[in-house]
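First comes the structure, then the notes that go with it.
Each chain carries a letter (A, B, C, D and E) given by its place in the written order, and its residues are counted from 1.
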């Protein structure tokens, strides 16, 4: 057990160190993609909370990334600091996510998917149609990148560190959340809401919380997305982004803490690796995702989970054998 | 041995890597009611699943009427004359009660010509189902659902009935009635293998008793002998309860 | 003695058919009330109406003198009312221990302190005790979904006690539980009843269990109260024998 | 007023298209509890198969037959064996996601192996218009509506009145128990997907002359049909008709009387109200009792 | 010598797939032809294609990747939004970018490295408005536009022009890309009773709206751009297309021999008739060829300067199809046409000469 733990910690340190050191001599493209991975991971973590842990299907996560991105774009291009935009985005997305949670109290599964899908469409149309605020289809360009402690992040590498640092902070917060009793309550919501309710778990409040927190993380991702691409228009926040994020969560392993990291890796990096196949790359990407799900319908971490539970049942089997041995000597 | 309708030899198997059955062995004499008792988690339900082909066995053999039926599909087992009423809730919630019952005969395909008559007979045995025949099955109470399952299971006139804790959720009157139905079936030559935690009542109507523990047969004997075995009573029949219950 | 639970004239109908048709009774503090009746007579529906899982078509429910009709189950649980269900209701992917911690955690501190406090809400010890009592030790770390029927039933009952309830409504706790274990369960219920002054209402079809455990027994038939009284009285009542017990 | 009637008729015509695609959603849900997000692409593809066969020189009727056969093979048998079998046990989401990926795959394949251009597609229904109550209606629209209604009638009868239908539903609602009582679950699931494949091939045949054969047709169609199925009632095949027609009509009316810019949203917002008011959809059945 | 490396980033999937695929095919066709004749200054051309998925964020990543490989010239993207997000990167790297976007503002921002392959909307819309005013004498017009950056740009530009002529906008109808049902839009047009309808949507939607206009009996003149009167529209809409007219800056139907020859080559290779995006891709390559040959060397840094103010004549470089001049902003100037569909055929009603020569 302790050996496994040290191994885990060691592995964690190696990965973190690699994420910090290796990209130092990446070109701009590589850094951009890695930054995108970090941003998408944050958004997917939010969805993983809502969907993976609390079991509430949402097809609106992309819209929250959009709300965050527009908040950042509008505020920073008017000279306000990004950190302020971050605060506004979190509050805004939290509040809207909370409201969006209300239908979830009445409807579930595909009906909930529909309601959130409708919200996603509505958000897209607002981004596109309300020119006075969002500059409509033309989008907002020349979004500045922030200064962190007086240190400019205009170059790709510093900005990558901004994204990576944000990812680290968000990960810590989410990790704390899901191992707290709240996390257990979210799982209860997913596994058996009726029983949860009878155990005093205020499923209403937890449902709304799951939506609100998940959405707020979408907003955080958005506030990073805007300065990353330095241009925001409605197209990227179409329903397809929500579907992509959903795919990341499921493919990574829904309800696993590290699922979104791997899912975002598959969704962001795999297509890039496959680009050498030219016109076939999206087809191959689709086939890869399908193949993966066929191999492990519970996602990449599902494979690991299978392995772990196999070891656990071996241990349990051993316990039984001991009991049986006792039984044979006592009669 | 020759009068055993079902013979279970040295079953080894479980869930994933976990071994639950450790060489379970017993046989069911033809035309008898045989009751399996044992502590929770002993592997009783698992044995039934193994017999009915729902659990992959690592070792062992199941013989029905002298033929090896290990690992056969459910349809084959049903047509051979075995039926299985599992533990817990096993209905099709969105179909009506009548349609639920009718489905009990699908394994026979078109061979059954008297399906309407059989359904009527089943509804006679469980009158509450008749009054609710057009209702969605999910609206039935817990005990009514169990009755539905039993009625459905018997529709094919099986030769061997595997029935897992039929008494759960049934009122005492319904338990009596169900046991009477089982007795009647036995009197018509049907063999019954039953799991019961309501062990006293079950053993009283049984011919044989089997005690299962940790996936192994601890004892197999005449039902009254099992019932009166003091050690068994202490260990598995809640010895203390007898005094207060009287 | 004060009434912990007062139920007045509860009715519930589904599409015109009354499943519960005007039931009134009360339960005094420290009582163990048995609730029996033929299948489909409305026992579970009555529970669901009392506990806010269903909203009754008419009638009133009071807990400790306070009207709770229309309250949500979680609020009722907050008042110290807990329950079990007739069908298995555990959290299949959580381990046995996690199931128990979950069952107690909402009674520890408030939302914020639960977020910031320890991961187990300080309940590991209590959960382990409960596990020990129900003889589930070797299964403590297994996912609850992999337990046998009887084991899940026990876990389900154990969960109802994690929050230190005042009033517990149990729907067929004995179904599928081994007789030896059942004797233990009965002792445990009695102990909790006496030490913690917890009050029980128990639906059960196992007559030995009901008659030896309960202080009073209520019999329902076709949505109405058929009889109410001491166990021996009820058992001897010809109407009850006719409708429920058989001969 | 006459304007309103025009809009209604046009809305019904479009709605019929959504309805016929939506039937697939409700069918798959009722008989296998799966959601196929590639349903739109499933409708897009058979037309390309038929075009390819025609390109190889076959006459239209032969292309139709081969197209349907290929569709049964690929979208029925292949889909069931490759995707549904491994994932069905794991709940709705993995398969739903896999079908999203499949949608991308089919779309890209159609683009890569055919072209990104829209191609005209011959119609088995004469292309003309007819006049009903003084309104001009395209014959093709009527054909689509008729097929949608027939499909729903046929499937409803199959599912609710025949033993096969009950077996299909049983296999979906509780596969383990279905197996225990002898329902050939595998065969039922296969049948489900074969019926779906047949339906999409027919739908493709009727819709493509109106939409033109284009790789991206599935996106709009699939989404509209998904919404139609939910609004109509996901667990009842007949809900598809109601949902489809309603969406078509509301869409037209809102575009005409509310806002073209928010055209896509107005019906959705209205329909959310329906869903919240009647969570099971217009013609759906409430889900089972929970306690 | 070593091949000259070009990089193309275009909308090969997503909403702009048709645009991007045409553009890509045009590029490939031109390069094949040039290479088969010995290349440019004796060096072969080589191009890498990258898909932007019609998403500006992806476009940015791909352009960054392309620029990291230091290409001679950057080609694409076609969507104005994607151009906007990538143009600063190319400018920063000092590499010329030849793109397909038509939004007016792209070339007004003072970017010295950006070049168009077709008229921007700021130069085509005035011609259409003038025609509507002078020839049709319309006093009120209904505008139907597709709500993306292409449609919105056109609608904004022409609205400005209408204001100048005091033409009233009787109805302003936004439609969706891929929209199938235009009944509501047409009934709104009918209700507004304009003197003419300006239609600015993609080819397929043009065909659908033309059919619906005919079904509902709208008879006023229908005016548009290339996307209303192209051969594709005629093919899809049948006789509903008759009477539609429009300004055509670049069309494979132009009555120019070189263009007809291009079209034949394209159809032979790809089996379909290209739209104007196919032409744009082709022209981009011949712009590179002509400019490089003018410079006499392959000089990435000098390319933009050489192309500014350069007139490429079809006489000297037949690949350019029609004489074209590039101004200091990177805008193109070229002959245009006004055409009308008569019995399923495009008929040129008027030739609009180049502005400056």
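Here, a residue touches a chain if its C-beta (ideal position, glycine included) is under 8 Å from a C-beta of that chain, and two chains touch if they have at least 3 such contacts.
None of these values were measured; they are calculated from a predicted model.
Number of steps on the shortest path from chain B to chain D, with steps defined by chain touch: 1. Comparing mean CA positions across the assembly, the chain most remote from chain B is E.
One finds 39 Å separating the Cα centroids of chain A and chain E.
Between chain A and chain B, the centres computed from C-alpha atoms are 48 Å apart. Mean C-alpha positions place chain D and chain E at a centre distance of 36 Å. Contacts with at least two other chains are made by residues 108, 261, 264, 291 of chain D. In chain A, the positions touching at least two other chains are 128-129, 194, 279, 282, 316, 320, 323. Shown for chain B are the residues that touch two or more other chains, namely 15, 139.
Put simply, chain D touches chain B in their complex at residues 163, 166-167, 169-170, 173-174, 176-184, 235, 285, 288-289.
Across the complex, chain A is touched by residues 14-19, 22, 213-214, 216 of chain B.
The touching residues of chain A, when paired with chain B in their complex, are 309-310, 313-314, 316-317, 320, 323-324, 327. Taken together, the chain A residues at the contact with chain E in this complex read 27-29, 32-33, 36, 128-129, 136-139, 141-142, 225, 228-231, 233, 235-236, 272, 275, 278-279, 281-282. By the touch criterion stated above, chain E contacts chain A in their complex at residues 12-13, 15, 49-51, 54-57, 60-61, 64-65, 67-68, 80-81, 84-85, 88, 103, 105, 147-149, 152-153.
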